[in-house]
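Next come two complexes, and both contain chain A; in the first it sits with chain B, in the second with chain C.
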Partner chain A sequence: MDNILWHSVFFWAFAVITCGFAVMVVLSDNIVRMAVALIFSLSGAAGLFLLAGADFVGAMQLMIYVGGTLVLLIFGVMLTAQGPFISLKAGSGDWIIAVVMVGLSLAMLLPMAWSVPDWHGPAMGASETKTTKQTALQEEAEADQETVVVEHNVSVTEIGLSLVGVRTDLNQEDQESGQLPEGYLLPFEIVSVHLLVILIGAAYLARAKRPRKPTKYP
Partner chain B sequence: MVESLIENWGFPEWMAYLIAATIPCVLLLHVVAVGALFFIWLERKVSGRIQDRLGPTRVGGKYGWLQSLADGVKLISKEDLVPAGADSWLFRLAPYISVSCCLAAYLTIPFAYGWVAQNLDVAVFFVLAILGLEVFGVILAGYASGSKWSLLGGMREAAQVVSYEVPLGLCVVLPVMLAGSMNLTTIAQVQSGWFTSWLIFYNPFLFVTFWIFFTCALASVNRAPFDLAEAESELVAGFHTEYSGLRWSLFFLAEYGSMFSVSALAVLLFLGGWNGPIPITSWIGWTFEYGWFWGTLGNFVGLANFIFKCSLGIVLMMWVRWTLPRLRIDQVMTICLKYCLPLVCLMLLGNLMWPWIAGPPSASFVQKRYEAYQHLHPEPTTETEADEETTAESNSVAISLPQQVNEKQKVVLTTSSTTDSSLPLQTN
Partner chain C sequence: MFTQPIGVAHYLVVGAILFVCGIVCMTTKRNTIGILMGVELVLSAAILNFVAFSQPAFRVDQEASLGIDGHVFALFAIVLAAAEAAVALAIALNYYNNHSTIDVDRAQDLQG
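For the complex of A and B:
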């Protein structure tokens, strides 16, 4: 045993967790177990993000997807389930539709995955296994700004700054020449207003509906 | 650390990584386990004294200090029961989920300058996300037990934690806003110096926010007066009614573990982290500026500071538990949504307005914030140099602070030759 690439080991571990529990979601017929398996599957995906160095996306995955599924489990499943352990059996029609849909999206995703010339990221270049091919690729990537894989750690500060309109990840020269990249301020504002509308709507729907008191003195 | 294991000790690379990863894991596990042993004993003593009793006195000689060990032996030797009506897979799984979520939160908590298992840039956010997941084990336990008491307890816990996450998240925003970072190490570094530079004393709004944070944290770790999920007088024992033996004790391990992590978060965000009230270590030169050895000595003092402050937080939680009566579920919800949430929103606005009232932050604060940020994200010296540097090298500069870096960064560390030897934690 010369060397173990722990990165790969953990990648496979998380990938197996993600996919294994995803299969369990499909095959299980107990709705609560399905939700639990979904939570594990999503957590595995969060692990993959953290492994790839995308800390922010990983934490977001945990907060929004895993936490969101948790709320779904609580309010959607537990409160509406009639029996103590409700079971769901998918009919053959459902299976056919599901297989067709999933097959189509898989057919779309797989060519995209294979169309990437080489999956070379910062994490793949371990010192021992760094072949000349990979070094060459890295140099090529540096030469050609178009194909550069984002290799530095994008911190949350940069993500936050780009949301309010300052792109720190772009070249300094572009900013000095007066062509300021606009960042993502507009989409950010649109999403914020959208969420505000949803909040007001939820508050409107959930408010206590008091009967209007008849006024005594008109 | 990995480098030194390979070069000085001659370990193969894979084993060096394994050792470097195992050490913080084992240490953190011990923080949780030994901490739980100690705090369970302390809880019994504190509750005893508050109720004018003595508490445990016999096991281990003076003060009954081995009481929790005796409890542990008893719990291990108990029979591991699964009720006939339970969903046995989920029932067995639930305590482990609670414990593993509790442990995962410790990964990003720094215990002293640079002593952190994973120096995440989003540590605050990560800890909050993980703490929110801990309730999952409780809900699962409540559901899978197949008992009405348990289910009621689980549902109460769910409603409570889901609502208290909102003000808790908002409380955390204030220190993050002032420090300009979500990295817990940075936030604690900003508060170095005299105790007046702790963020709780930064302005009156932060002082109020600390107490809101404390209240919400109390609720989110399911402690009295918010312990509705296990309300003994109403629900037998709530979500852990059907549990026995080791699985039951795992829930308590998780509870005491998350009490510690929540007060660690409070200490890091508001109470100066590992910085003592008086900056003695910087007076006598126990900092990393004077070398690795003195820095480590200073770090031990910081560690003692940090653990002392966390323990104070836990004692405060116990004090509250044995003083206040349990609330009803509607009162719990009222406190959260009608008092805590508007209050913390008000504090957020007040904190934003503070520069207009008291002028811009002091020069020393800005300097400390800048320095703390520079430690994490050093700017490349000149632009031409930055272009010449390979991206891998700039990556290795950017992670000068963390002791344990993640897998990707570790790889970079070994590949690049430009590790800054003046920085303490890479050399040991």
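For the complex of A and C:
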């Protein structure tokens, strides 16, 4: 029992948190409880990002998703959760369709996830072509996957430089045409303008126009 | 279970469960904001797959990993998810102001 991999232990812990609270989001009828379960589910996903060596993406997941989007959703819940709208129950026909879709999607996705041997992780994948050197390498990788994952961290500097068009991770001498490898300057600019348009559009849509009409529905 | 190293496939399984939860959430909820939460779950699953594919230590063939591209696309997906949530919530509030309900089954004004 001395070769327990703590990386794997924490992965399973965060995976159980993420999936468990996602199932709670689905099964709960109360909109306020759904929002709380979604907070925990997305925080668990942020923990999984950190375990995958994506520090910056994990921090952004916590800040933007949990800090921004969910505050927005909770504002929506507070503005609209009145009386009958707190818990709307779906009909049984919807649930039958949903269960059929769960079965079909999982039956398709799970075998597909396990079908590629390369994806099974550093130790289990290449079991058919095992030399002694490879075995030693695999044992080393198995012993300290945590260290290996930390070694392959992508730093914030690299991400920021690639967003303004400079790629530091590619070998620039590989480009025989003399051009530098392309970064993500154009998508970055498009996303910025897109966010500005979204900001104006959301403020325009959500403004208070007139007092609410009396309902014509019972 | 705890003695095996983690691979891309483990992350894909977690992503598949999140995706299916989001799809079921979108189909079974009648509350507009509940449907938005389902969309958030689906996008979160997609970002999880991007991040898993960009880590070289999770696979045998380390050259095949996405590297920095996966991280950048995960960031773009997070930003676009936030933008989508803002607009969809504005539409939901507008719908609530005009119709005094948040139930999507009542949204039948455009039905022929």
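Definition applied: the second predicted complex is superposed on the first by the 136 of 218 C-alpha atoms of A that agree within 3 Å, B and C clash if a C-alpha of one lies under 4 Å from a C-alpha of the other, contacts with A are read in each partner's own complex, and residues count from 1 in each chain.
In this text, contacts are C-beta pairs under 8 Å (C-beta built on N, C-alpha and C of every residue); 3 or more make two chains touch, one makes a residue touch a chain.
Computed from a predicted model, the values in this text were never measured in an experiment.
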Inset, instruction - Between chain B and chain C, pick out the one touching the greater number of residues of chain A. - result: C
Legend entry - Contacts of A:73 with chain B and chain C, given as first, second, both or neither: both
Inset, instruction - Pick one for A:56: touches chain B only (first), chain C only (second), both, or neither. - result: both
Inset, instruction - Return first, second, both or neither, reflecting whether A:157 touches chain B, chain C, both chains, or no partner chain. - result: first
Inset, instruction - Give one of first, second, both or neither to describe whether A:7 is in contact with chain B, with chain C, with both, or with none. - result: both
Legend entry - Touched partner set for A:39, first chain B, second chain C, both or neither: first
Inset, instruction - Please write out, lowest number first, the residues of chain A touched by both chain B and chain C across the two complexes. - result: 3-4, 7, 51-53, 56, 73, 75, 85, 122-123, 125-126, 142, 151-152
Inset, instruction - Report the residues of chain C in contact with chain A in the complex, numbered from low to high. - result: 1-14, 16-25, 27-34, 36-38, 40-41, 44, 47-48, 51-52, 54-61, 64, 67-68, 71-72, 74-76, 78-83, 85-87, 89-94, 96-103, 106
Inset, instruction - State the interface residues of chain A toward chain B in the complex, per the touch definition above. - result: 1-4, 6-7, 10, 30, 32-33, 36, 39, 50-53, 55-56, 58-59, 62-63, 66-67, 70-71, 73-75, 78, 84-85, 122-123, 125-128, 130, 138, 142, 151-153, 155-157, 172
Inset, instruction - Report the residues of chain A in contact with chain C in the complex, numbered from low to high. - result: 3-5, 7-9, 11-12, 15, 18-19, 22-23, 25-26, 31, 34-35, 38, 41-42, 45, 48-49, 51-54, 56-57, 60-61, 64-65, 68-69, 72-73, 75-77, 79-80, 85, 88-90, 94-95, 97-98, 101-102, 105-106, 109-110, 112-114, 116-126, 141-142, 145, 148-149, 151-152, 154, 158-159, 162-163, 167, 169, 184, 187, 191, 194-195, 198-199, 201-203, 205-206, 208-209, 212-215, 217
Legend entry - chain B residues touching chain A - in the complex, by the definition given at the top: 12-14, 17-18, 21, 85, 87, 89-90, 93, 120-122, 125-126, 128-130, 132-133, 135-136, 139-140, 143-144, 146, 151, 155, 158, 162, 180-182, 376-377, 383, 390-392, 394-395, 398-399, 406-409, 411-412, 414-415
